[in-house]
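Given below, in the form of structure tokens, are the structures.
In what comes next, chain A is part of two complexes: it sits with chain B in the first one and with chain C in the second one.
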Partner chain A sequence: MSNEEKVQAKVEVPMITFKVDGQTVSVPKTLPHPVTGKPEPISIIQACALAGVNIPHLCYHPKLPVAGNCRMCLIEYGMPVLDRERKPVLNPDGSPQIRRIPRQAIACATPVTPGMEVYTQTEGVVRARKSVLEFLALNHPLDCPICDKAGECKLQEYVHQYGQETSHFFETKLEKPKKKAISSKIVLDNERCILCTRCVRFTDSVAKNPALGILNRGALNTISNYPGTEFEHNYTLNTVDICPVGALTSRDFRFQMRTWFLSETPSICPNCATGCNILIHSLKGHIYRLTPRENDAVNSCWMCDSGRLNYKWVNDSRRLSNVLWSEAGRRDEIDWETAISKISAALKSSSKGSTAILVSARQSTEEIFLVSKLAKLLEAQTDSLPRIGEGDFLLLNPDMNPNSKAIEIFGLASATPGANVSKIAKAIESGAIRNLIAIGENPVEMGIEPGLLSRLDLFVVCDILGNKSTLEAQYLLPGASFAEKQGTFINAKGRVQRFGKAFDPMGEARPEYWILSSLLSALTDKLWPKTPEEIFNMMAAELPAFNGMTWAKLGTAGMNLLSTTNTTEK
Partner chain B sequence: MHETDSMVMEFSVPNTLESEIDELITHYPEKRSVTLMALHALQAHFGFVSDAGIEWIAQKLDQTPLAVLELVTFYPMFSREPLGKFHFRICRTLSCALNGSEKIYWALCEQLGLDKNVHKRQTTPDGRFTVEFVECLACCNKGPVLFLNEDFHENMTEESVSKLLTICNGDNSSERKGTGK
Partner chain C sequence: MTLWERLYLPTIIGGFAVSIKHFFRKKITMRYPEEKWTLPPGYRGIPYLVKDQHGRVKCVSCQLCEFICPPKAIKVTPPGPVDNPQVGSVEKQPREFEINMTRCIFCGYCQEVCPEEAIFLMDDYSMCKHSREEMILNMEKLLELGGVREDRLMKWKNKHNPQRS
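Our next item is the complex of A and B:
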């Protein structure tokens, strides 16, 4: 749906007016159910959220069916008094008379009705929050000092805000399984669990795998999978994110770092063409975890486990971090200036059409754009390697490259991507191609034998980890991973999305856009833009498909390309 | 809780029982509604609810085994282990407790060599007797009351429970049944 369509769809839903803490607000009468999409009466918690009033909640999650079991969201409310003709009775000043309902209600499962008045800050509501928290803490181990969730735990936050320092409970706390391995990726602490069933509802209604349930009764309730089966699918780690407490912990992140030391950088998952919006959690140049960032146009609040866990390579100690130059069997470290001027001199002295460029669909759009400029300048042949994996019904796209769309837009791959490589190999053999530049691609892996590579006049490889081609390179230029630079990826549906820089590249490594821009400046004797923002704005101004986008307008949510909006969304 | 493979292989539901459950299914708009009755039927037949039984019901009623297990662990009247031939369920809710149901429990445990301080279902090593506390049996004016298998015994005393035990001890037949009171 385009933005305009969305606005229209909103207008069609009738509005209702209610009051929250004295503020009058109009909200849509219904909202789509988070899973089925069917319109459902708007609940108090949803309406208050639209009005900017946050009601404490634990079991409620905007993307899951409502369970109403934690009672954290209790509020008080009043209804307009109606006369026999069901007309509102008015006060002398003309305002409607309101009758306070003597019982509190749960905001997550109570629909808003016209004229309703909701009170979220009364003494009674605060008392209710205190009591609910006291109950939740009865058997809770309160082991925050060793809990991975500490610092981002909802229970901890609410107890800090509303809790009391004493409890009426002096009995011995119940003991439950404390480190139950419910899957290869998750450890469950049944003592910390507050039985909100978010995990149960997620795996059932979003991941369509009803693997979790509640066993036993009352205080003995425990979340469990069926004994002898494992909780295994590609979305299980989302339950760790949505668990409001530290009951579900990711083995990968368990005990690795206190959450408050981590900085969060908005980014895009580089592991497939879906382009899930994510946060990089890092400290001192080290990634500790990736988590999904909400974007309803792409990934809702979720991401897949394979994408989430594929980040270790960024901190690989074998990352390339020096600019290297090989000649006559020797390999020396050189500086960037020397490398760029030597490469550009070699390219300048060779004839047009004698260069081939292999560029990866894992590079940013700005880099791919600069490669297209370079290719045009050198009249180079180009190609890019497709990476096909297995997709699934929820998010995972079979295209494992994050930016195939950009390669397609700038026409840098053959009709069947990768099919040019054999032609390039032949041309190297015949001597028609004298220079090869590989950016994020491994020509040996693509089928150009090391024997052929040694025949080239110029062989430049820009990559981040060593491989068979980096061993052969005359110039080895260390590049930056997605976490070490800014840029955009264009996902399979044509959404242009910005990813941010969490920390600097290692050692001498530099973002590829910087390398390409420097090379273009050296080749053309004019200054090319050097920041992702400038490069993006130059590119967007040139290509109508970008429909007037600017780096700033993209924001953190991204924008859709013009032509693909309608074709790709059926 | 997991049976050996041989036990799983031995598990088979007699045709009469299966057709009884099939018939029950026809009474409800959803197959799921039969779950509790099917569990009772299987427990009555096998003496307990096994993993194989749970999986059989799940398949029969288009449920996940987990959904059936949730019910089994929710209701205390289902047993995951074989019950004794004589099953004593002693009420410990208020009226009965005030009238001394604990003494009845202790007397039974002592005479059967069970631990009277354990408030969980216990079965004698020979597998003949199971003793447990249960909640109100809805006969509060005649407390303490107990169930011996499916039979009610009211106004129990230490003597009357000993007598019951003597009757049981004299019963050497192999079927599981009530005492006929």
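Our next item is the complex of A and C:
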């Protein structure tokens, strides 16, 4: 749903008015259930969130069914007094009389009713929070120094904010299994678990794999996979994110780095065409983990495990970091200026139509746009390699390229992507094509033999990791990974989304948009825009499909293309 | 000035008086480095890592000292997900721990912040080396120099659970 649609959906629902801490607010009477989508009465915690009042909570998660078991969200409230005709009784000054309800209620499971008054800061509420936290921490181990959640742990935060300094508990703490491998990707620490059942509800209602449950009774309750079932699917690691404490920890991230050292960069997962919104957690040029970033139009709060764990190649030892030039069996390091001027000179001296460009659908939209300009200038043949994998019911798209849509919009692939390659190979053989530029693609993998490549006058490869083609390249230009540059991807549904730069490219490597823009500037003797923002704005102004978008308007949530495809000149 | 003053004699005599007085006083210099002074309690010398009475490394690689250290002298390398069989029931221990003594300002924050009582500023103050590399103390050296401190809690030792001995 776009933002406008959301506002419309809200308008249709009748509004109710209530008061929170003295502030009068109107909220919709119902909200859709996070899983089934059926309208449900709005709860106090949801209504307060809309009013900008945050009520501390542990088991409640906006995208999961309500369980109401942690009691962290206790509040006090009052109801308007009604007379026999169910009319509100008024005070002498005309305001409705309110009767305070003597017992506290949990905000996550109590619906808002008209005229209700909610109090979140009273003495009773403060005391209730203290006691709830004391209970939750009764058997909690003193693990913060070794707990991967420390620094982003809700229990830790609430104890600091609302808890008491001392405990009344002098008995020995209960011991439960620690370091238990609950799945191949997750380690469970039962002592740290507060039994909020967020993980159970997630696997059950979102991932549709009801493998988790609570075993044993009373104080010995433990989270476990039901005997005979396996907690293995492509969404398990989301339970690590939503676990409010450090009970579920990712084996991949376990003991790698403390969370407070990591910087978060909003980005887009480059693993498939869904374009899940993510955060890159990095430190000093290293990615430590990827986590989902909420975007209800795309991925809600989730991402798949295959995308989440697909980042290791960014810091791989096979990364290309030098500009290389091969001639007569020698390979030398050269600088960018020399490389760009040599390549442009070679392209200028060759005739139009004698160039082929292979461009990957993993490049950013701005880069693909510049490639389309370059192809037009050189009258080049182009193609791109499709990568088809296995999709699933929730997020994962079978198209493993994050930006196939942009390739489609700019018409850079044949009708069935990859079909042009054999034609290009034949043209190289016959000598009709003398120059080949590969951007993020591996021509050898696509079916152009190394023997053919050696016949070319000019063979430029711009890539991130070394492969068979980079060995053959005459000019090898090291590119930047998705974490090292800014740009946009257009997902399968035509949503344009921005990704940010977490750190500088490795060594001499430069973002491909910079390389392409420099090459275009050298070829046309006019200056081309050199930042993603300028390139995007130029592109959006040129194509009607972009519907007046600008880089700034995209924000972090992205925008949808006007009805897609074939809106451009070829 | 009078003639008497211009003779400088009173000044010279005064000077000798001071020297002679000090000659009979108690000596306050010492023959360093053969002789060394006794340090007051709470003296902040070079920070070292300590082991507990069972020879276990107390540091759990929480990296709080690395975070707090004002001149960024400490570098802790966390162990990663692979279990180290040598540490027994202890869940986490640093893979490497370095203090760069060309940077340390002896502030004592690391000792104060450490939740495991694993790092202490001890009595060593002289750090004279021939190269910068030698001024970086690694985990092995820090543990060797730090020695043993009694652990009152022994969090990882538990008789009910042999796995956590």
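Criterion: the second predicted complex is superposed on the first by the 555 of 570 C-alpha atoms of A that agree within 3 Å, B and C clash if a C-alpha of one lies under 4 Å from a C-alpha of the other, contacts with A are read in each partner's own complex, and residues count from 1 in each chain.
The rule is simple: a contact is a pair of C-beta atoms (placed from the backbone, for glycine too) under 8 Å apart; a residue touches a chain by one contact, two chains touch by 3 or more.
Given the structure is predicted, the values throughout are model-derived calculations rather than measurements.
Considered on the superposed chain A, chain B and chain C are sterically compatible, since they fit side by side. Residue contacts after overlaying the shared chain place A:252 against chain C, while chain B stays out of touching range. Of the two partner chains placed by superposition, A:102 touches none, neither chain B nor chain C. In the superposition on chain A, A:37 contacts neither chain B nor chain C.
Contact with chain B, but none with chain C, is seen for A:226 once the two complexes are overlaid on the shared chain. In the superposition on chain A, A:92 contacts neither chain B nor chain C. Of the two partners chain B and chain C, more residues of chain A are touched by C.
Legend: residue contacts after superposition of the two complexes on their common chain; A:215 is shown touching chain B, with no touch to chain C. Between the C-alpha centres of chain B and chain C, as viewed from that of chain A after superposition on chain A, lies an angle of 80 degrees, to the nearest 10. In this overlay, which is a superposition and not a single complex, chain B and chain C have their closest Cα atoms 14 Å apart. No residue of chain A contacts both chain B in one complex and chain C in the other. If you check the complex, the residues on chain C that touch chain A are 60-64, 67, 78-81, 91-92, 115-116, 155, 158, 160-161, 164. Chain A meets chain C in the complex at residues 142, 144-146, 150, 175, 178-179, 251-258, 260-261. Residues 1-2, 51, 64-67, 69-70, 73-76 of chain B touch chain A in their complex. Every residue of chain A that touches chain B in the complex is listed here, in rising order: 210-217, 224-228.
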